[in-house]
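Just below sit the structures, each encoded as structure tokens.
Next, two complexes with chain A in common: one pairs it with chain B, the other with chain C.
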Partner chain A sequence: MFKLSDKILLLCVGEAGDTVQFAEYIQKNIQLYKMRNGYELSPKAAANFTRKNLADYLRSRTPYHVNLLLAGFDETDGPGLYYMDHLSALAKAPFAAHGYGAYLTLSILDRYYRPDLTRDEAVDLLKKCIEELNKRFILNLPSFSVRLIDKEGIHDLEKLMPVGAK
Partner chain B sequence: MSYDRAITVFSPDGHLFQVDYAQEAVKKGSTAVGVRGKNVVVLGVEKKIVAKLQEDRTVRKICSLDDNVFMAFAGLTADARIIVNRARVECQSHRLTVEDPATVEYITRYISSIKQRYTQSNGRRPFGISSLIVGFDFDGTPHLYQTDPSGTYHAWKANAIGRSAKTVREFLEKNYKEDMESDTDTIKLAIRALLEVVQSGGKNIELAIMKRDESMKMLAQEEIEEYVTAIETEKQKKT
Partner chain C sequence: MALFDVSGYKSHAGLRGQILGTGVGHLIDRPNQEFAVPVGVDPSGFLKSCSREGGVSTDLNHGTTTLAFKFRHGVIVAVDSRASAGSYIASKEANKVIEINPYLLGTMSGSAADCQYWERLLAKECRLYKLRNKQRISVSAASKLLCNMMLGYRGMGLSMGSMIIGWDNKGPGLYYVDDNATRLSGHMFSTGCGSSYAYGVVDSGYREDMTVEEAYELGRRGITHATHRDAYSGGVVNLYHMQEDGWIKVCKEDVSELIHRYRKGMF
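For the complex of A and B:
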């Protein structure tokens, strides 16, 4: 997870090395915008900037093979989540997931997501997803780090460590 | 006297005339003063009188380069814009490759080497600005550097550039105290130095400060007025 600005986080998964290279490059460019213009990019603008970069590199000799989730809080629009895949498709979504785990968690999210979730309900929903992975996913994933963004900024929540299957 | 045509040429007595003329351009710019305290660094500039219909907040002479470095300049504003932009990109580039914020000296050296390059290529004129670059390194040491159109730079404890630089510098030499612990004293020194040469007091001063581990803060007009009134009461007490 990369902190793009005070209220924007970028989660970057995929090819080893590509993830860090691409995410750090985006991170520094977002900071440069802040220095040049005196204010930070909104999450929507940051997501579109990232998408454009990913798309430009896609048809070069050096594409980045990364899947991204961009989360941010905008003063006017409120919280926003953006899903981006390695082919540079961008979509604003109420919930999203990447990887094999997505096959399992997206159905949980589909079933239990509501647009008016409170903070605690949202964290519980995340816990539900991780419990589902713990039950049905072939790989053992012992620990998850969790971050939350609200109007005050980015907060580190406690690590989620699902216990052994019943 | 025709040696000022192409700046890549030395004159018989060893001058680069274009660089000297650039320094003249700097002397025409409005005054900027910088003071390095123990825990705070301060930059103050003389605000140019704006026309009645002009929005005065668009004239910004103090620019932040990164979270830990900012600068003020005297001379050609357009030239400064280019330098500031390149410096900002270099600050981020440094962070990208080295994972650490650039030191004040590094970015000063970078700006100076850009300026020097333009004194040694044909068809280009030197940058007509001197700059005061201040900030804190990541180990917490404060710095103040001054660059000039020739591309040289020096570290200073306090300095001034621009129109009445000489008067302000003499004032600073008389009144600077080593390792000023108090932030207020450092800020007051910068304001007093500017008040020497600026007409009509606090209204024409723009001030920015940076405390260790904090980002640059531009002082609001009311805060500057408070300092100015405090300074005047002190002056009255002395006389």
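For the complex of A and C:
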């Protein structure tokens, strides 16, 4: 998870090395924009900026193989989640997942997500997803770090550590 | 094998030799083999050459979601109905549940041809068992018969992932049998390329003490959400309930209608 600004987080997975390089490149460029212009990019603008960069690199001799989730809170538009894949396709989505875990968790999110979830209900939904991974996923994932973005900014929530399956 | 002897299954190798004559060899000496295979042929290698890597666009039908789970009041079986050949939808109302007898059901996923043939053969063997032994075959024995059929063709490119569901003297039975001759007894299985999506929904909504209506809804939900995410599953949900006095067909509902019923909050 990379903090692009006070209210924008970038989650980056994929090829070793590419992830950190690309994420830090975006992170520094977002900060540079703030310094030059005096205000921060909105999540929508940051997502499109990231997509353009990823697309340009894809068409060069040094493509980055990364899958991204960009999450942010905008003063006017409210919260926004942007799903981006390694071919630089961008989509705004109410919920998203990357990787093999997505095969197990997307249907749970389809089933239980509502746009008007409270904060506790949302954390419970996340717990449901993690419990399913703990039960059916072949790799053991012992702990998950959780963050929440709202109008006040980025908050660290309690780490989720599923107990061994019964 | 004890079951082999009890079931009265006779190999036809001698009779076939008389009918077909000499010149038709056997791959290895397997007395229970159904087909005579010409010498020097490698079926699984041939099948590999017919797939995309071999440059030909013949893909076997693989797309499916099927699920079954035990609960207090029996076993729920739910399947989708899409038959796909690569990216072409060959049928939107394929029948993926074979009704072997009023107390036995079999589901199909993988290659449609393989499933239909071998489960139909299993139905024949179950009927013969009943005629010879004057009692219905147990779920354990039926699944073992299918498993051993798969064992006979191991490595030859069969593709079948099925569940055998029934109710016998020992109560409700649920077995998973596949083309590797894996045979597992369990409380919940899901097969096919949409199975991971079905596992997500059914695992999170399952309680052992569900009412019958809740269990029907969970089965419907599992298939519907899997067809929503998996491109190779779709069509209608065929829902069965295995009870003590046999199975009943609960419903056959179109997935696109179900997904609109569930859509509040989804999209």
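A few points about this structure:
Operating definition for what follows: the second predicted complex is superposed on the first by the 166 of 166 C-alpha atoms of A that agree within 3 Å, B and C clash if a C-alpha of one lies under 4 Å from a C-alpha of the other, contacts with A are read in each partner's own complex, and residues count from 1 in each chain.
Just so we're on the same page, a residue touches a chain if its C-beta (ideal position, glycine included) is under 8 Å from a C-beta of that chain, and two chains touch if they have at least 3 such contacts.
These figures come from a predicted structure and were not determined experimentally.
In the superposed model, A:Phe49 lies in contact with neither chain B nor chain C.
With both complexes superposed, C is the one of chain B and chain C in contact with more chain A residues. In the superposition on chain A, A:Phe144 makes contact with neither chain B nor chain C.
Touch criterion not met for A:Tyr57: it reaches neither chain B nor chain C.
In the superposed model, A:Asn29 lies in contact with chain B only, and not with chain C.
Chain A meets chain C in the complex at residues 94, 103-108, 110-115, 128, 131-132, 135-136. Partner chain A is touched in their complex by these residues of chain C: 196-201, 203-205, 221, 225-226, 228-229, 262, 264-267. Every residue of chain B that touches chain A in the complex is listed here, in rising order: 64-66, 85, 88-89, 91-93, 95-96.
The part of chain A that touches chain B in the complex is made up of residues 24-25, 28-29, 31-32, 35-36, 38.
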